[in-house]
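Per-chain numbering from 1; labels A, B, C and D assigned in written order.
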Amino acid sequence: MRRVRRLVPLQRLRELSLVLILIIVIVIFGNQIDNYYTPRTFNRISSTVALITLVAVGQTLVLLTRNVDLSVGSMVGFTAYYLGRHLSKTEDMSPMVLAAMAMGIGGAMGLINGLLVAYGRIPAIVVTLGTMAIYRGALVRYSDSKSVATRELPPWIKDLPQETLYKFGEYELRALPGIALGAVIIFFFILLYSSFGRRLYAIGSSPEAAHLAGIHAPRMVTLAFTLCGALSGLGGMVYLARFGTITVEAGRGLELQVVAAAVVGGVSITGGSGTVLGAMLGAILIGTLEQSLIRMQINEFWKDAVMGLCIIVAVSVDRILINQLTPWWSRTELQRMPEEPHAEV
Amino acid sequence: MQRSKLWARLKSWEALLFIILCVVIFVNLRLSSHYLDLNNLANIFHLSIEKSLMVLIMAFVIINGEIDLSVASIMALGATVLAERYEAGWSIAAGLALALLVGLGCGLLNGLFVAYMGIPSLIVTLAGQIGYRGAARIILEDRSVGDFPKWFTSLGQDGFIGPFPITSFLFLALFILGLVVLQYSVFGRYVYAIGNNRAAAEYAGINAKQVKVTLFMLSGLIAALAGACYAARLGNVRANAAEGFELDVITIVLLGGVSIFGGTGTMLGVGLSLLVVLNLRNGMSLSNVDGNTQTSVVGSLLILSVLIPNWMQRLQRLLSHLFAKNPKLFNRGGAAEPKSPVSVHQ
Amino acid sequence: MTADPLLEIRNVSKQFGATKALDSVSLTLYPGEVHALLGENGAGKSTLIKIMTGIHQPDSGEILLQGHPISLHNSAQAQKHGIAAIYQEPLVFPDLNIAENIFISHQRRNPLVRWGKLYRDAEKVLAQLGVALDVRALARGLPLAAQQTVEIAKAISMDVRVLIMDEPTASLSIHEVKQLFALVRNLRKAGVAILFISHRMDEVFEIADRVTVFRDGQFVSMAPVAEVTPERAIRDMVGREIGDIFVKEPSPRGDVILSVKALSREPRFRNINFELHAGEVLGLAGLVGAGRTDVALALFGIAPAHHGHIEYLGKEVHIHSPKQATQMGMVYVPEDRRQHGLVLPMSLMANISLPSVKNYRNQFGMVQHHKEAATAEHYRQQLSIRTSSLSMPAGKLSGGNQQKVVLSKWLNTKPRLLILDEPTRGIDVGAKQEVHRLINDLAQQGLAILMISSDLPEVLAMSDRVLVMREGQQMGIFERHEATQETIMAAAIGQSVEKPVERAAEYA
Amino acid sequence: RAQDDPEPIKAEPGADLDMVLLPKTLGNAVFDEAHEGAMEADEELENEGDLIFNAPTPDNAIPGQIEIIEASITQEVDAIMISANDYEQLLPSTQKAMDDDITVVTWDSPVAPEGEDLFIAQVDFTEVGSVMANMALDILGEEGGQFAILSATPDASNQNAWIEAMKALLEEDDTYANLELVDVVYGNDDPDDSYNEALGLVDSYPDLELIMAPTTVGIAAAAKAMQDEELCGEIAVSGLGLPSEMQEFVENGCSQEFALWSFKDLGYLTYYVSYLLATDAMDAEEGVTFEAGRMGTYTIEADPNREGGLRVLMGPFSLYNADNLEEWAAGGDEGATVEATEEAN
């Protein structure tokens, strides 16, 4: 038991449970839908969840610090539009430069959020509810309510979604999910092994204790928001590549999907716990439910109700699994040592 | 002592909102000659009556440390049930009763999952937001149902006293009730205590689960009631009613000084914030400001309303440090949080 | 004390609203000394510490490190100067594991976390303290004593020149205290200056080299330990003589209120048997982690037992929630006041009335504030709670005063059975006597009291009988005349004690 | 359309009228075109008053329109031109406006007849059905095949009417006997949803040959989805689309043909009619003939789809394909309409 616990720490339990549920969901839908177990389904789902996953990684960083960023949808929309407009005017631009630009714009918006939260001492939900509207308003102003059309874009960005990075039989790892996966892997290690990552957990886990421990929370929080903005900016580029047509409504409502993905994936809204891996699994779970329901032959008017039901059932099962397994994992014995090394002085 | 209490009150969140409200009204008066038209004043409340109703209960829910994203969907479901039953030959009263019951049921479901399964309310009510709207879709599909009796629609449309419809007075009554319950009743005390420290409240023999379930049920009930108001006001119901209302409702509650982490905020603050937002939006509408800009302005207000007092406080602290020799000159420290549930005791 | 002073505090003042927490106090720390700081609850001790670690900024006065004035704006700066503190209220990171909790402040120096090394080092530090905790486990839900241990480990793991300990032993029992003191002596040898705060006089006189006393935020006296007696120190603290330690008067043993048979909740405790009579104080002794709190939680319905029977007032009961227990007149004063005892942002009086707020309603169901205020005022006087106003948020009171609020809150429910978990944790000597007198009065009035305490003298003075636990097991019940420091310690650390164990078997 | 009335009513320029153009939402390109048309008419008629262009955000669509109507009533404007988000729910406020002597003209999407003066119908609703059926026939050929419809929301009344008209035609007319409509799905006028629904159709119906999307958002998203999945040769996309958004896809073969009417003209005509009504130059009565600037003469007629309703039928449809899109592009933003090709088959 002890060994198992060492191998699989409690934090991994969440992800295990989610993987389990994901398998259950896939088996259930596989029985209901013809041609379900095909590379196509895989490619479909992986492409759809790419954007949500990418932004959910950023959201996770913010959530960990006991904050939330509701402006991600607006940041995605703004960046997507800005990049599109920019591309339509410039001759050519290398993908890397564009990506850097995307992260720069998103990062700047995220920085504003972060500064307001950390140094203006305003609750994050207040700040980002505000900037959600403000960034969207800025987009409307900037774009004069016009759209970017696909024809204005250079071919390479339009072809990005079908770019395949790695092929495994007919299962493809395409560019956009590849970007998302890359972000997940990078931030998984950052959160696990860097002291920056650990301090994010510390701040969210107990702000007072972090204060006493001398952790400079404002800097960390600002950085988390900036990274979240940068990833949202990158998300804007993904959005642009995927949809081509960008209106001022681009990305609206994304924030709830992203927060939902993260929270379903075990990231706590009260900070301090959760991983980007979990957030990704949450996104995949919701994406799988959505994509599978699209393919189910059920009455259109029933789909929303079924979706709501699926989410709550999946989350409940997850909760029950975790509740059953946790006591096994988390035992802390406060024992006296057999001999007392400092007994006499 | 007396002086510092006055200070504290002046520096309170409510006072700030009151000042903002005065500014908004002043600007509106300058910008539009129609602002004071009785019809317009009635419209300010009338056009947002459903949101206003839901704000009242959302304040309770958030102070309790939870959130309810499903209110708009329950509202649509309530309106849908009422309309569908009326179409099927029931009386309005019976339909309304069933709608309210359905609202209660949805709230109960939310509450059970939150309180007894321990799933974050954000997720539960997000699923509810999708699911309850789905239920409304199942009932009405793409149809719209209307042709309510005249007396019913006139409840929502025609003036009861002057141009103010009866729903405005319903809101006023519920506001006073909400204020009394939250600020002065045992239940209100429990709501605050649980929102601040659930464990301590439970150790004190409070059944936090029960309180949470009750709140979600009330939230569902009020949402369904708002649905009925919607049906009466528009005279016609569709399953897509009130899509996206929840964010507006939450914004107003937060501007009212309620902390998203629970435990702080007052009904007075929420009421004032409602007035601020409604008047601000009305003023902008009269100046033909588009929806996105309106939302941006409200968003900026949300940020500035916290930022400016924070800066003022820092400035004050800085000044008082400069004058540290004479500490009586400034009231230092202590007032870090302008709002506190204990303010009712002072 | 020939060396130069390491840290000097000169004429520091600090005001919170209407409260003058510190009024021009001074204090000098030399390398290699243990300096005890004494004072009543609310005397300003914790405030001084928070100033020394940069959490609060003084209104006036200065801090000198090796003769150079330093300004501290946050605890990171203090740590850079080699000043670390164990705060009065342990504040762990619940979502980090124990190893991380211990080394969180070190992370600034190495940007990458090496988990293997981290775990090994953490185990080493804990071994120094003589305890083994699973360093990979999350700190969430850790019992208070374990949290305190983690805090201590955290502080001693840093290279410190000045170590400040604010009531580190408040929730520890003799055994852990001994370990801690061994460590402190080592640090002293290494030239560290230690500021030590405690309300337990015997500890102070065991470890300290010099003693400073504060009263009402002012400096009163400072002297080498050889020149002070406990009596004098107490007189300096409270400004009057306090008689000998209060001993419970015998009271008639009434009916059986609570009878517990073969109660178990594996793995926390098993086969607990006892009877509790009206008018009786049953002490529950044991080392930290013996499972005493868990027994109380089971009785109070927070973590119900899995097996066994509880009879209350002659009827078998199954208690599943604190609400049910409270309604039955059985209340529990928890040990962790910040997490379970108080709603910190709520006012002192709202906290006191919280469990019984229903009794303050008028006919319209509204809470009558003047009645609440009257009750709060009553307890403020009875327990001498130091506060500038009854509507002060409880979180702003000093530690000891918070504890008094927790006590008041539960006493105010007028219970039949009172379960006290470390009731005098952090309470100063004067007030402690008040609390003991109160417990005595309550018992005289026929209340049944179950008192968990790690303060052995307290257990001995206040209990009619003492139940000793060790690692979840009942070691025996001692009648008052059998209970001595030696017998109880022997039972608590598991040395064979014949007679009481037999007695325990009788109950089973 | 203009018939042979000898004396069409002409507008008297130079009135002082405040007029509100109220489309469904902001951020949809077609409404910007309508705005342009209205501005053109505004200039032509030398209206001294204001032309107010305002719309709600999509998350507040119906209540937002009501608020704007009510605000307009308070401001005592002279005419409101509405593209209604709901057929019935705006009635209380539009009726209130009419009671206050405000001219209420609907365009693009009407309200019930009692709540408006008249409706400017872009095209005949049944005609939309036949145009879509014809395009399907054009693309699939005589031998026919499977096709599916990707609509806006399940409760969008315009789209539903068109789809019904098309279904009726498919059933009645033998020319279309080989066209098999397999499914109707809904993308909620959201690029993301529409994209996924289109792919869901591909997965669910292996023999699918055509996706018909009677909504500009849906058609662009579907075309982009086919492009990304490299299905352009196999599955055609058609429906109602904006040339500016669709040009790209016609060029690369993802879409051969689509149709739309000119929203610019619609805005122009709507403004003209409202101006005429608001200046009392004309009454909203059946049989009245008037001249609408550059667009020629029109007659008010009974609306066959809405009992008791009046309409002005604008027409005609513009069919776009590879041949005429280049011309359109050359005409640039002037929006050179390629004239009626109803007789495509």
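The definition used in the following text is that a residue touches a chain if its C-beta (ideal position, glycine included) is under 8 Å from a C-beta of that chain, and two chains touch if they have at least 3 such contacts.
Values in this document were obtained by computation on a predicted structure and should not be read as measured data.
Undergrad: When the contacting C-beta pairs are counted for A-B and for B-C, which pair yields the higher total?
TA: A-B
Undergrad: Centre to centre, by mean C-alpha position, how many angstrom separate chain C and chain D?
TA: 75
Undergrad: How big is the gap, in whole Å, between where the Cα atoms of chain A centre and where those of chain B centre?
TA: Chain centroid spacing, chain A to chain B, equals 29 Å.
Undergrad: How many angstrom between the C-alpha centroids of chain C and chain A?
TA: The mean C-alpha positions of chain A and chain C differ by 42 Å.
Undergrad: Quick check on chain B: which residues sit in contact with 2+ other chains?
TA: 137, 141-142, 247, 290, 292, 295
Undergrad: Return the residues of chain C touching two or more other chains; collapse runs of consecutive numbers into ranges.
TA: As it turns out, chain C has no residue touching two or more other chains.
Undergrad: At which residue positions does chain A touch at least two other chains?
TA: Within chain A, residues 140, 248, 268, 301 contact more than one other chain.
Undergrad: Once the touch criterion is applied, which pairs of chains come out as touching?
TA: After working through each pair, the chains in contact turn out to be A-B, A-C, A-D, B-C, B-D.
Undergrad: In the complex of these two chains, what residues of chain B are touching chain D?
TA: Touching chain D from chain B are residues 32, 34, 37, 39-40, 43, 47-48, 137, 141-144, 146, 153, 157, 233-236, 238-244, 247-248, 281-282, 285-286, 288, 290-292, 295.
Undergrad: If you look only at chain D, which of its residues touch chain B in the complex?
TA: By the definition above, chain D touches chain B via 26, 52, 54-64, 66-68, 70-71, 73-76, 86-89, 91-92, 153-157, 160.
Undergrad: Looking at the complex, which residues from chain A come into contact with chain C?
TA: Chain A reaches chain C through residues 5-6, 9-10, 192-199, 201-202, 204-206, 208-216, 268, 271-273, 330-337, 340-345.
Undergrad: Enumerate the contact residues on chain A facing chain D in the complex.
TA: 35, 40-41, 44, 47-48, 140, 145-147, 149-151, 158, 161-162, 242-245, 247-250, 252-253, 290-291, 294-295, 297, 300-301
Undergrad: Per the contact definition, I'd like the list of chain D residues that touch chain A in the complex.
TA: Going through chain D, the ones touching chain A are 25-29, 32, 58-59, 154, 184-186, 191-192, 195-197, 199-200, 203-204, 206, 220-221, 224, 227-230, 244-245, 247-249, 251.
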